């Protein structure tokens, strides 16, 4: 239990690590979405030229 | 010593604008006493071609050479042999016609006021020399821009739509000026829809749609 | 050496290499970050002055470091693009910008959360945090300049030039902010980071740093693939790659 | 005679004087373009006392900072006109094709721009200084720091204006691009004025400001020319 209390600084330490996790997760998510969107755009361009 | 004559060559130019392949391998050559008219429907890259030829736009592929040298290496020499009149007349409304000419021509060669006045006289706007360009009509501005082309005294002219906004007399004037320039061994690259009434030495380059 | 350089400039090669590198980099990143977390939160002893609050260092310092690293990478990639006209290095710069900006924002937030127990306020205009804030503004400038151009090639070059100018300015900004802060001595009390750190505190920090670097590499590889597709939309190899 | 004609027969120095004269004449024909940023400068400095509900002692402490922030913002306003109108009417193309180096053209245009914006601002600043309660003994430092600062800002601004010249909504973008780069100027400029007002030697800050000015004067023209080359294409 002492560990989670962080010597009284819990409300500063844990948000920091939480936010860091969020930022890292956001990076992965947005990079994946960016790549997927680019793929969709190319696929659409292919469809348009083949029609 | 005989040196090769001045010449402009544009070889296999490719230009993309974003996804659009605007110029697809356009080539042209221009020698002394020649006039090349660039024609084609709107949006086929006529202005782009002119901007590439004068070195304002670097093509993705292909090369532009002046007297056999790529223009990137001889920019000052090439530019002092060149005058480009864009679609916009490049005039400041707050300056008089004469001041406009003096400041732009003066960057290229030292010029006397009388020469500038003669050029304005030739294009029929001598009366406007001391008026701010703001009050001139579109046709008069076009004529002032033509006077700038004359005053530069460059062997190579590149004109983008020189006939727009001009009445019949103005169009005849442009044709006359082109004829004089070409018969004095000058070169001209002209973008125009208008038929240019010059039989001798006129070639056409049609850009595909 | 030059053939390697030119291969790096070829979009299909970049696309495939980025795809192949991503899982490896991500694996190393996850392992390193987990080890760093365990070491930093579990094994490192509390600081004699700051207690457990100092553990924020394990996310703050790596992200602050990455913010500068990403900006430098962006400027160097931009310079390579401008000098050798390599499209792929613009793609790398474009892929790096949002990642770097997110690290900068993280460094700012964690810095201010660290500042609260140390200075008694979330924001004390500490010189390092102030430089970090200006760095975020520099990122904002580059990231808003690029899409402002209709022609992406021009946007790339403009953003590259701006990031180079900003890169030259970063040390000037840093020292000017320090000079400015020295005028108002007394506002800041705690100095972040000690000159000497015991090994048990240091190794988790270095591990986290490695983890963040690899994470950056993995995310940039993913973004880079998107950038390559956007830029090479018209080319045959992209169409083949997407169809299959 | 060689087919390749000689380079431009007009020397770079002559061309630059010609451009400066042209810019100055244009500004005199449109005095409102010169005056508007100055009036903006006066108005912004008026806002601060009103916003601070006339705590004169507070105001006096803040005066150098207020003055400098207002100067920075009003210089930014005038940046928009640096290349924009020339780009819109095609003059910039003509300048780029004049056979003169683009860097020389940028130097001339920026110098002329500083003469009508920065120097004018320096001349007006004593008015603002008096209104904000800056002691007259500080004026030499204030004027010197403003002169150096606005000159450097003009060079930085030339980069920003060059980068955004072809854009429709470049105005906000210029501020976004230039302001972070200008922060050291603000720090040293306001710092110098501040120190002089506090009776401490401001020489250090002025030297730093001067070296920044030299630094930007030497490098920024090339960057601004490169920026123009990118956006002109």
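In this document, chain identifiers A, B, C and D correspond to the written order of the chains, with residue numbering beginning at 1 in each.
We adopt the following convention: a residue touches a chain if its C-beta (ideal position, glycine included) is under 8 Å from a C-beta of that chain, and two chains touch if they have at least 3 such contacts.
Worth saying up front: this structure is predicted, and the values here are computed from it rather than measured.
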item	value
Pair of chains joined by more contacts [C-beta pairs], C-D or B-C	C-D
Chain whose Cα centroid lies at the greatest distance from that of subunit C	B
Chain occupying the most central position, where position means C-alpha average	D
Gap in Å, rounded to a whole number, between the CA centres of subunit C and subunit B	49
Whole-Å gap separating subunit A and subunit D, where each centre is the average of the chain's CA atoms	41
Whole-Å separation of chain centres (CA-atom averages), subunit C against subunit D	32
Separation of subunit A from subunit B, taking each centre as the mean of its C-alpha atoms, in whole Å	54
Subunit B residues counted as touching two or more neighbouring chains	none
Residue numbers of subunit C (touch at least two other chains)	233-234
For subunit D, residues contacting two or more additional chains	233
Pairs of chains, among all present, that meet the touch criterion	A-C, B-C, B-D, C-D
Interfacial residue positions of subunit D with respect to subunit C in the complex	159, 163-164, 166-167, 169-170, 173, 176-177, 179-181, 183-184, 187-188, 191, 194-195, 208, 212, 215, 219, 223, 226-227, 230-231, 233
Interfacial residue positions of subunit B with respect to subunit C in the complex	16-19, 21
Parts of subunit C lying in touch with subunit D, wherever the complex brings them together	82, 134, 137-138, 140-141, 144-145, 148-149, 154, 157-158, 161-162, 164-166, 168-169, 172-173, 176-177, 179-180, 183
Of all residues in subunit C, those that touch subunit A in their complex	33, 37, 41-42, 46, 51-53, 55-56, 59-60, 63, 98-99, 102-103, 105-106, 109-110, 113-114, 116-117, 215, 219, 222-223, 225-227, 229-230, 233-234, 238-239, 242-243
For the subunit A and subunit C complex, residues of the former touching the latter	3, 6-9, 12-13, 15-17, 19-20, 23-24, 26-28, 30-32, 34-39, 41-43, 45-46
